[in-house]
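As written, the chains take the letters A, B, C and D, and residue 1 is the first residue of each chain.
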Amino acid sequence: MIALLLRDLRLAIRAGGGFGLGLAFFLIVVTLVPFGVGPEGGVLARIAPGILWVGALLACLLSLDRIFALDFEDGSLDLLATAPIPLEGVVTIKAVAHWLTTGLPLVLAAPAFGVLLHLEGSANFWLVLSLALGTPALSVLGAFGAALTVGLKRGGLLLSLLVLPLYVPTLIFGAELVRRGASGMETQVPLLMLAGITAACIAVVPFASAAAIRVNLR
Amino acid sequence: MSIWEYANPKKFMQTSSWALPWVAGLALIALVTGLVWGFFFTPEDYKQGSTVKIIYLHVPSAMMAINIWVMMLVTSLVWLIRRHHVSALAAKAAAPVGMVMTLIALVTGAIWGQPMWGTWWEWDPRLTSFLILFLFYLGYMALWEAIDNPDTAADLTGVLCLVGSVFAVLSRYAVNFWNQGLHQGATLSMDKEENISDVYWYPLLLCIAGFILLFVTLVLIRTRTEIRARRLKALEARERMA
Amino acid sequence: MNALSVTDLAVSRGGLPVLEGLGFTLAPGRALVLRGPNGIGKTTLLRTLAGLQPPLAGQISVPPEAMAYAAHADGLKATLSVTENLRFWASVYGTGTIARALDDMNLRQLADRAAMSLSAGQKRRLGLARLLVTGRPIWVLDEPTVSLDAASVALFAEAVRTHLAGGGAALMATHIDLGIPEAEVLDLAPFKARTPEEGGMSGGFDEAFE
Amino acid sequence: MMTDLGKYADTVLAAYAVSIGLLLAIVIWSLWKGARVKRALEAQETRMGRRNG
């Protein structure tokens, strides 16, 4: 399992920009939004949680189709499915690798982007916390979507259509947590919901993803 | 005789061809009667004026939008557990009907909202939930279309339906939390029978029955089509092999 | 004691039966070559044996954790070196050592090269080296010698013989000579699935109505 | 006979028109697709010479 994780991370780094690509996309979104809505600090700070969350979501979506597609094309997925690691474990590791290469960099870089959008100190804290709690769910659910579409040639757009509705609860609670945290309101409910959704996703969704992969390899 | 016998395609084709005219006829009678009754012979609401007549379309379609998804969930489960092909095809057949129902609920809601709330679209929890449900229907149908092998498609859409159901419910809760419905309750609260007077209630019941029967009719027709399409595909494949 | 035994097996591809009534056994130390024209279902059969798809009918009996499957595609990562590719599979199968596989497949000089810079034949050898590091006794190989030159085929045959001598078994599908004359040959053509009119099984649901 | 819909006539009529239009669309589509597949299947069965329906 660890070997698989190391291999995936190594592949992401060698492929060039495994870590950087999502981050660069995130930066572009954050740069473009002020051009769209105007440079007014107050407005930006108010919509910043939403922008950053939607940006994180799209950045995550960008690299989803690569989770299984590469391994499917070169035959590794067949070999992994017949290897002594349970397929559920493979799926989970793949999602973890995806999170480490896209989710984690976003979490770490989020305060910098928050500053660009005039988020204040405490809001930045909530932003990092919400992203850290929420992005793992994005990767796990994304792996599920990727597992469903792994055999398809034109899977990219379909993948987005399948995955985005699944992201709604995480997006809502994530952005709401930042908004409430920034304005000093009660944060317990969105915090618990966000963490709960992520925990439940990690625990349950890999089984569905593994089932989907098995069906696709038939 | 067990209910599972209807999962045999032969038996299903026989039974459905016998039942179809009856169900279709009843659907037509119930829908026409209910809608005519509601449209021409019910009074205006003192607050909402004649817009109250939209409930005869809005409420049944909204109910069906949700119930059809539940039906798809049940048939998907039956397919995944007992591997009855007719069940999977019934789920496939129901999805476009559900999508149209969702669309009707959304459009009538928006048209109704325009004079009532002064805006076509309000990010009201219910409307938003239906928009999300609409996306789920779209994704489900797109996945069916994208996969060539019918058994693979049935399996994958079944799994998607399962996971999607959980997230649809979760989204409903999340959306409620996100925007605590400023508008619901202010309008007619339709869930509580006692808030609706009998004058509106009876034609509404008839319309609901009509929508259900129409749905059954459509699912029977479409499932028959899907079964035939699969037989056609199998015959073509065999012809190529021979 | 058989390593692998198959009775009355039927396999399907895309919902249509392709092979039926198939039965054979494979004892330790023996090799079996499956032959047949393209499209007969060699790959489908091997995928079924490897557990990637369920059989339409019949039994496959194989000891648990005994089989190593190698497909058409080698499953190599182009950006990883030969050693890294092998190390990965060795640790997945929990065997650890890759030195012998490198020697047996004559990959020593290439050990640090990235897989993408290998020739087609060298890649194939690396794919076969992957089999060696799995440490599994039963090899299931799909077209193992495609794109290998004569010397490499001999190298492959040698590796298979060593494996068999060590009590292993090998099941190979191919339509070209493998250079292993002592292997038994099973022609799949007589097992081609019959159409329903001829008394064969139908694809199940697809055709059964009216 | 036409009931008086008052100032909301446009709204109500639009809602009915759109809904009934959508319902008709799916009904017609289902019937058309059903007929098309049925015809294609019959043609295929005839061609393969095993008409037994």
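Observations on the model:
Convention: a residue touches a chain if its C-beta (ideal position, glycine included) is under 8 Å from a C-beta of that chain, and two chains touch if they have at least 3 such contacts.
The shown structure was predicted, so the numbers you read here are calculated from the model rather than taken from an experiment.
Each chain gets a centre from its C-alpha atoms; the one nearest the centre of all protein C-alpha atoms is A.
The chain pair B-D and the chain pair A-C differ in C-beta contact count, and the higher one is B-D.
The distance from the centre of chain B to the centre of chain D, each centre being the mean of the chain's C-alpha atoms, comes to 15 Å. Between chain A and chain C the centroid-to-centroid distance comes to 37 Å (mean Cα coordinates, whole Å). Taking the mean of the C-alpha atoms as each chain's centre, chain B and chain C sit 48 Å apart. Computed centre separation for the pair chain C/chain D is 52 angstrom, with centres defined by C-alpha atoms. Each of residues 218 in chain A touches at least two other chains.
Residues of chain B in contact with two or more other chains: 149, 231, 235. Chain contacts: chain D has no residue touching two or more partner chains. Against chain C, the residues of chain B that register as touching in their complex are 8-10, 12-13, 85, 149-151, 227, 230-231, 233-235, 237-238, 241-242. Touching chain A in their complex are the following residues of chain B: 132, 135-136, 138-139, 142-143, 146-147, 149, 152, 155-156, 159-160, 162-164, 167-168, 170-171, 173-175, 177-178. Chain C meets chain A in the complex at residues 47, 50-54, 65, 67-80, 84, 87-89, 91-94, 130. Residues of chain A touching chain B in their complex: 144, 148-149, 151-152, 154-155, 158, 161-162, 164-166, 168-169, 172-173, 176, 189-190, 193, 197, 205, 208, 211-212, 215-216, 218. Contacts from chain C toward chain B in the complex involve residues 14-16, 195, 203, 205-210.
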